[in-house]
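You will see subunit A twice below: alongside subunit B first, and alongside subunit C after that.
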Partner chain A sequence: MKTPPFLLLAALVFWGWMSGFLLVGALMGLLLESARFISARWELDDPDFSRVWFFCVLLNLALVLYVFTMNDETGGIAGMFHGNIMRNVSDSSVQTSTRFLRWLPMSLFALMAAQTFNLRPSVPMASISLITRWRQRRHKGGQDFAGQYADISYPYFMVCLFSSGIHSNRGDFHYFAGLVPLILWALVANRSKRYGLGAWICAITLGVGLAIIGSLGVNQVQRAIQHIDAQLMARFLRQRSDPLQTMTSMGRIGGLKLSAKIVIWLQPRELAQVPEYLREASYRIYKPDKMTWFSGDKLTDFKPLQPEPDEKTWVLLPGKMNNPAAVNISCYLNGWSHEDNMPEGLLPLPGGVRRLENVPPYMVMKRNQNGAVLAAGRGLVIFDAIYAGGATMDSPPNITSTNRLDLDVPTNEVPALEQVIAEMHLDAGADETQKLRAVSRFFSSKFSYSLWQGWDKVASTNATPLTKFLLTSRKGHCEYFASATVLLLRQLGIPARYAIGYAVHEAHGSEYVVRERDAHAWCLAWDEKAKNWVDFDTTPASWVSMENHFSAVGLWFSDARSWIGFQISKFRWRQAHLQQYILWSLLPVMVVLLYHIIFRRRTQRKRPAGKAGLDADVIWPGLDSEFYQIESRLAACGVLREPGEALADWLERALSEPSVAELRPVLQQLLRLHYRYRFDPHGLSEAERKSLGDQARQALNQLSPK
Partner chain B sequence: MKLIYKPIYWTYYVASGVWYWARRRLTLAGFAAAAGLVVSGAVGADIENTVSYQAFLLLFGMLFFAFVSSFFFRAKFTAIRHLPRVGTAGHSLRYRVEVRNLTKHNQPGLTLLDDLADPRPTFQDWLGFQLAEGRRVRPFRVAQRRRTNPFRQANLGASPIPTLTPSGVGEVRMELLPLRRGVLRFKGVTVARPDVLGLFRSFFKIPAPQTVLILPKRYPLPPIALPGSPRYQEGGVALAANVGASEEFVALRDYRHGDPLRHIHWRSWAKIGKPIVKEYEDEFFVRHALVLDTFDEEPNSEVLEEAVSIAASFACTIITQESLLDLLFVGNQTYCFTAGRGLGHADQMLEVLASVKHCPDKKFETLEHLVLGHLSVVSGCICVLQRWDAARQKFVEKLKRIGVPLLVLIVAPPGHRISLAGSPLPDASTTFHVLEIGKIEEGLRKL
Partner chain C sequence: MGKFSAMTSNPFDAARDTYRKIAANIALIMRGQEAATRHLLASLAAGGHVLLEDYPGTGKTTLAKALAKSIDAQFKRLQFTPDLLPSDILGVSIFDQRDQQFHFHEGPVFTNILLADEINRASPRTQSALLEAMGEGQVSVEGVRRNLSDLFFVIATQNPVEFRGTYPLPEAQMDRFAMQFTLGYVSAADEVAVLTAQEHNHPLDELKPVATLGDVIAMKEAVENVRISNELKRYVVDIVSATRAASGVQLGASPRASIALMKTAQAEALFAGADFVAPEQIQKLAVPVIAHRLVLEPQARFSGVTARGVVEDVLKKLTVPA
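Up next, the complex of A and B:
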């Protein structure tokens, strides 16, 4: 069934308007409707339609791939390896399918155009069903589908309407307003003659009225759902370093799970110059009851940073640098910014970082006074960090005010700290350097690193885990050491902060890799003389070797997985330059296909005006043969040719008439020439053609009634 | 087993019922609207990223209105269906239905639908089919053809009714494609009216129970010399319409029921006062046994259907020649139908074959006993077998040993190879043919 005139044009314009491809939609519509005025047609057969369909499928696949990699939001293939997998996959699927569905009229246009400009305006069902084709090939049967043709005008019209609705809900009813007249247009063309136009309009009004009432109801429901707050759910899915707080694993029974997954790749500009630590955030307030460190400020305290005019450089700390070093860092942003609606995360940066260079475009960066940089943009960020010793981004300790956060020690930890300080035998007039040395010596000589905390040791007293660590167990992981050091320094009058991030120690060829198990916590101590913060790590160096007991085979697999994930992420987040070649690589295939479709058979034919039927324009050769005159003459003499009787049989019958018998050799020679003229692909030579005409005329003369 | 299949059967039962209902109730536009409703409903659930819910609501509103308005169809009709006596599976059956308008208004834009009896199988039949398909088609084989709906008896279409004047009669030409042999039962006739939007049909049902016998599909057979058929007889005697008896007069005898009228000796009747017939010397006549193997667990199995089709092809080809044909098969009991030479006609044989059912509960030996009992009167045997197992091999070997000329046709599922190695080898009096489903016509041409 064909659509009424210009319905497809209207549907495509509507789709273009709703999807932002107005010009494309209008052009496509005009092209399809132009078939009403153009008489030229292709003669596509079933294999041609199969190729067109294959082309459409390929185009759709290419679009899916392209859309998947073009997404600036989270997810994609990389999302299946890192971060919150479920949410990433879900978000990515939604984004991809949304765009794919929106572009369907464009990607299926070739098939629709092939049908429209084909001599027979329908599509063979077998050409668009892979399974049917397969079965046909296997069984040479497929009788169920062979010879079935369908007009896809209305399905295409429905696809256009459907794709028009694939865009974000802006709260308007433009889609509805366009949908109603288009559907009515389609329906009115097939209206039953049983009812008058008035009844039809009444029915339509009722139907549309019902839909409008329903729409209002849906909007109400939507508002109610939004009120419930979908972000509540998102909170459960959060999995990243929080710039405002970090809950330690202190007090947790059992061992910590360590993953060898590579999360950061570093490429120092000069091999020797690699930062020891990559800091994500630092915290100032410790709450022993929650075993959690807090930054002491709010998310709103993050101040937005502005890039330099080249959009690639971000200055974090202005000023001159002595002996600057540079390192290229590749890291994932595993969080999600609901404000910017894109991936977000804390950047792992070397201490003393001054400037970020070659940052991907369209990033949003903020920093707080504790030196944490919150970046939002692509799921994988690759940049150069320029750093130098000395000043850092962190605010100086506020020790003069009443709110002395950097010297604050929880009161229930004080007795243990005092006991430890007494044990350290510090001189009364020891300066800061001596204190730091003493603390460092104290931890290295009397404490050991352990990822295991036994149940009985913790439960036996009411002491806090930190007190237990300081006084009894004297073994623990980096969070114990860092927390204890911060509090110990504060107790000794040195401003200190708790820092989290990664330790860099594993060289991997010319670059360094940081694994998830390299996550580390350490202390930032205030150097009063230099007026800056310095990294002060008391965790015994053995922690690196203890965490490296991952088996070699397991590590190999894990590295391979991480590497594949990283490469895919680079591709996915347009940090690799492969992406631009996707469509280009598919282009030759599509060109070959198109060539096959269009030029392979070179069977463009003109549709004759005013003649119906497929055979109307075929001029069969030999129809002007003079032998037909002989046939007519003999028929006039009474030797009629029966319907379906072959000329040779008829001639044999005719020659049995005594009056014609004498012409036997001539007529048989003429019949041979006539057959050749009619059916021989090579036809007759000029001389033979002339001979046919002459002999036939002679025979006619002889046959003429005397 | 039942526990697993029962829910699937009920799902099939309900789903096919819903599908049947939707196909009859929804017009083409209605189908498109319903499909749009489903798709827009699925996609439109995400009301933030799409506005397809608006399309869903519009289509829902229209379909709801169409559905409600279908309850307001006040009209009365009667209908008479004029059916032919028989049809053939796979060939369109055309018939006409007279519809009379009993209202005082014109009735334009109506459609006529025919109601067939519910073809949905019982659980046992359905299970038998599923198990057989499970054995035939290996799992995860897309290319292996699964039979989609073996229980459907016919494809029916809707035909438009011409505008019926008040109390007027309209004739509707209907066409039906029988898919299977057997008795096709009609329940009634439905006059359908589309709603204002042309999406949904409201029905007026008229009971009109009728049946039509659908004969099995037949294949064209080449002229074949059947086993035991002397060649010199071809043509001559048959053309003289004296099949099986020579012109040699032997004697007169009393009339017996079934004697041809043209053999009555009228003069003797006039003399004696009772019918006397001329007796001719029996020259010979060829009598063939057409043995049909019906032993199959699966009802409506493809192999059985093809075996019946082959038997039907022989039945309607041979009878026109100069022989008798005994159809031997086993159903609820053992059957033997004889046709030819005035005893029966091809139509009757086809009607018998149309009603042949599978025999799941008897052994092949039952058929063997039946055939061996008939061997004294038959001059040749055509065996249409469903498989080539030990029992059948033994049967054929027995017949060979007795010296009966044989034509053995084995029907094989598509792509299934049957090896004849180790079996009774063909010789001058025995011919074996394996006919693969899908290539049966091709195979029969080679006979």
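Up next, the complex of A and C:
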């Protein structure tokens, strides 16, 4: 080991302290340092190192897989930088996506130990570096690289420091305070003798000072990176619904088109009993100048929900249910919560949802007055929603004298609305049901669905897009219908809200799928008699078929992609049972791979033997010559023959030894006979062969030590 | 049988006798160059050509001349210059006014021993004119194939110092030479002996032939009959193919190198007094036979790798049959 004594021990203990494996770290350090006192060594060759390295890589891969599936805390890249915030979410769990990085000193220990206890304390580059191996293969002979060996004790030391810095238990200052002395220790051991200690101390002080300043700057960088991470995440995900406002595309020109990507999977507990709409949020205030609906409250108005003691059930609306139905919903959370640092999104829920069951652990849920449930947790959530007709979790309409949010109509829309109401020919004393029926009839008879928006929809000085929709074009998509209906109902004195979400209509076997293009907007109308909100959709039913019109030829491909994405997400966010099997199969896989390593070792040993066998087919003549005994006898006296040295040259060298000089004529005669026996295609005669044996034995006797 | 041939029945002994006489005759002129003489004669006896590369004044031309004079054979000397043309080597047909016909005038290549002095001074085109002659013992001029004599031996010399105005030999041309070796400076004592010998007149002038053309051809035949075991043939091939895999080598030695190594080793064995080849004879000749054929990678060359070093390395690493 090149590292100064006990540096590795200190680094490993530090790592153990920071990562909570103090005992393991101390044990590994002691084991490595014990090499300084134990003289026994292994004799590992290059293939052995390759095997050890292969094992380490496998171990790491297995750990990555394991950690990936055990991802209880979410976070992606951000998790690497922020362990502490994660812990707020799930206090009991210390499992993070980057755990394997913290385990590096353990998973690479085998390689380090192999080097430490090897006769030559270095690791062949070719066994660990693909680049070296590739270059070796490129240069046929590869002598240039065969001899490259590297001492990995310092790299291992750096790995220990790196791993200690990941999710340190003790906070930043402790890590920094531990890191500096360790690095100083390593540096002082490798100090250049050219400069005095004073200069060195000055340089180090400067370096440490810069490091302190830098570490303060790192906090800023960290924040910036987190921000980038969140943005990155958001880029790959669908635009999420904002619970506070929804901007409609009313008044814009051009076609509306949404992808056929499947975003929600539904599995009704009882066949074909599936909610018609999945609502994400509802809004109360319409601002015609921005064509935007606002919910009328702030994010802080969201009230946190508490799960039941079993941590799996969340009651949204207590009370008795008549005729409850249940549906299993799988949906993505495609927003990002900066507060909790994890994916967040509005849950698409059936109207009249009462409780959520089998919700994955470690979720944070909040709800607002308008019946939107904001959930944060994994990127994919799967749960059972229990719903029933009747009451919903929306607040009752606000129709007090001071605050008439649910009856408010923007003044510039009033003339058009009045004109339309006049057109409907309502009786003066019509009740709510009649009004609703009249509105419904009005839209279905006189309006048509269109995704295309022409010039006629653009706001002009005297008419808003909605006015144009109501009075002239009478064509539009669901946002027009929903907005117009809400305002119309309000004008008629019925409290109404604007709801967005998804329409469920596409069955896939026993399941239902909801595509991105099934996004829908509709109206919530207040039923004064039943005292609850009812879904009221005036969009012509033709919209479904119209949307399906867009289904591309490659829909099955898109579906397959969605399905694969769904399965991967399920796996990624640990919602599948598959992951349990994978965890269990990890062990046998390792065993099989280990067996493979051992097996490969055997085949590797076989190969050179096979090559030798090729030559062994040709048995060269004269290999039984007795001269070889003389050679080995002389070699025993110290005159060893190099593999590339011809016998004659070697004998000449051997004969320069005074002790055997007297045998020169005998040995030279023997060599001549031996050469003829070996290399003359004519060979020796019987008598000559016999004489070779006799003379050799005689010479051997003379050579034998007296 | 010529007048100089020894009256021995064994063709091997006769060939050895021829070798000894020629070597001794050359030694009268070339002091301290026994090893070089032996290489030269081995190449002659093996039917290969020789490229002598050494500094000016080390006796390249003298050695070639001494060999030519020792054999009662035709000898021609050709000084290569940049303006030398292929026809200057091979010969040319000239129209005879008297009988109104073309007559072929043989060039210097129609001889037994050809000294191509400073071969790298001629253009590659002219150098290539020697290719066919050296490789196949024949020349094709104006569509007519003409055979050279049974003994055709080229001794080419080149100067490794001067590079200006020279054309390095192409690889194919280099491959045609069975051996390339240097003479090197002799010891002080030998140099004094050279001075003494030339005090009054050049001893080369007084050199008399000691072997006939028939003797040399008989020697060539004898060499062909020197035995070599399959194991040593394999060793030869192993050496040559190892140079192809050696690091720093762009182009390894060809099978022609294997043939040359085997044949010269046979000659060397004959000179050493054996009827069959021993491994050390192959080792001894591996460098002069193989080194000049290797093309090194520029990178390796700049880092000090030499072709000679590559071959020596191969010999050291390869297990020799014992």
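Just a few scattered comments:
Please note the rule applied: the second predicted complex is superposed on the first by the 443 of 706 C-alpha atoms of A that agree within 3 Å, B and C clash if a C-alpha of one lies under 4 Å from a C-alpha of the other, contacts with A are read in each partner's own complex, and residues count from 1 in each chain.
FYI, contacts are C-beta pairs under 8 Å (C-beta built on N, C-alpha and C of every residue); 3 or more make two chains touch, one makes a residue touch a chain.
Since we're looking at a predicted model, the values are computed, not measured.
After overlaying the two complexes on the shared chain, residue contacts for A:Gly644 are found with subunit C alone; subunit B is out of touch.
In the superposed model, A:Tyr154 makes contact with subunit B only, not with subunit C. By the document's definition of touching, neither partner reaches A:Met590: not subunit B, not subunit C.
Touch criterion met: A:Leu187 reaches subunit B, while subunit C stays clear of it. Between subunit B and subunit C, it is B that contacts the larger number of residues in subunit A.
In the superposed pair of complexes, A:Val57 makes contact with neither subunit B nor subunit C.
In the superposed pair of complexes, A:Arg678 makes contact with subunit C only, with no contact to subunit B.
Once the two complexes are overlaid on chain A, the subunit A residues touched by subunit B in the first and by subunit C in the second are 139-141.
Note for the complex: subunit A touches subunit C at residues 139-144, 618, 620-621, 631, 641-650, 675-676, 678-682.
Remark: subunit C residues 227-232, 234, 245-247, 274-280, 283, 315-322 touch subunit A in the complex. For subunit A in complex with subunit B, the touching residues are 1, 94, 98, 101, 131, 134-135, 138-141, 154, 158, 161-162, 165-169, 173, 175-176, 179-180, 183, 186-187, 190-195, 199-200, 202-204, 206-212, 214-215, 218, 222.
Subunit B contributes residues 28-29, 32, 35-36, 39-40, 43-44, 46-55, 57-58, 60-62, 64-66, 69, 108-110, 142-143, 145, 193-198, 414-415, 438 to its touches with subunit A in the complex.
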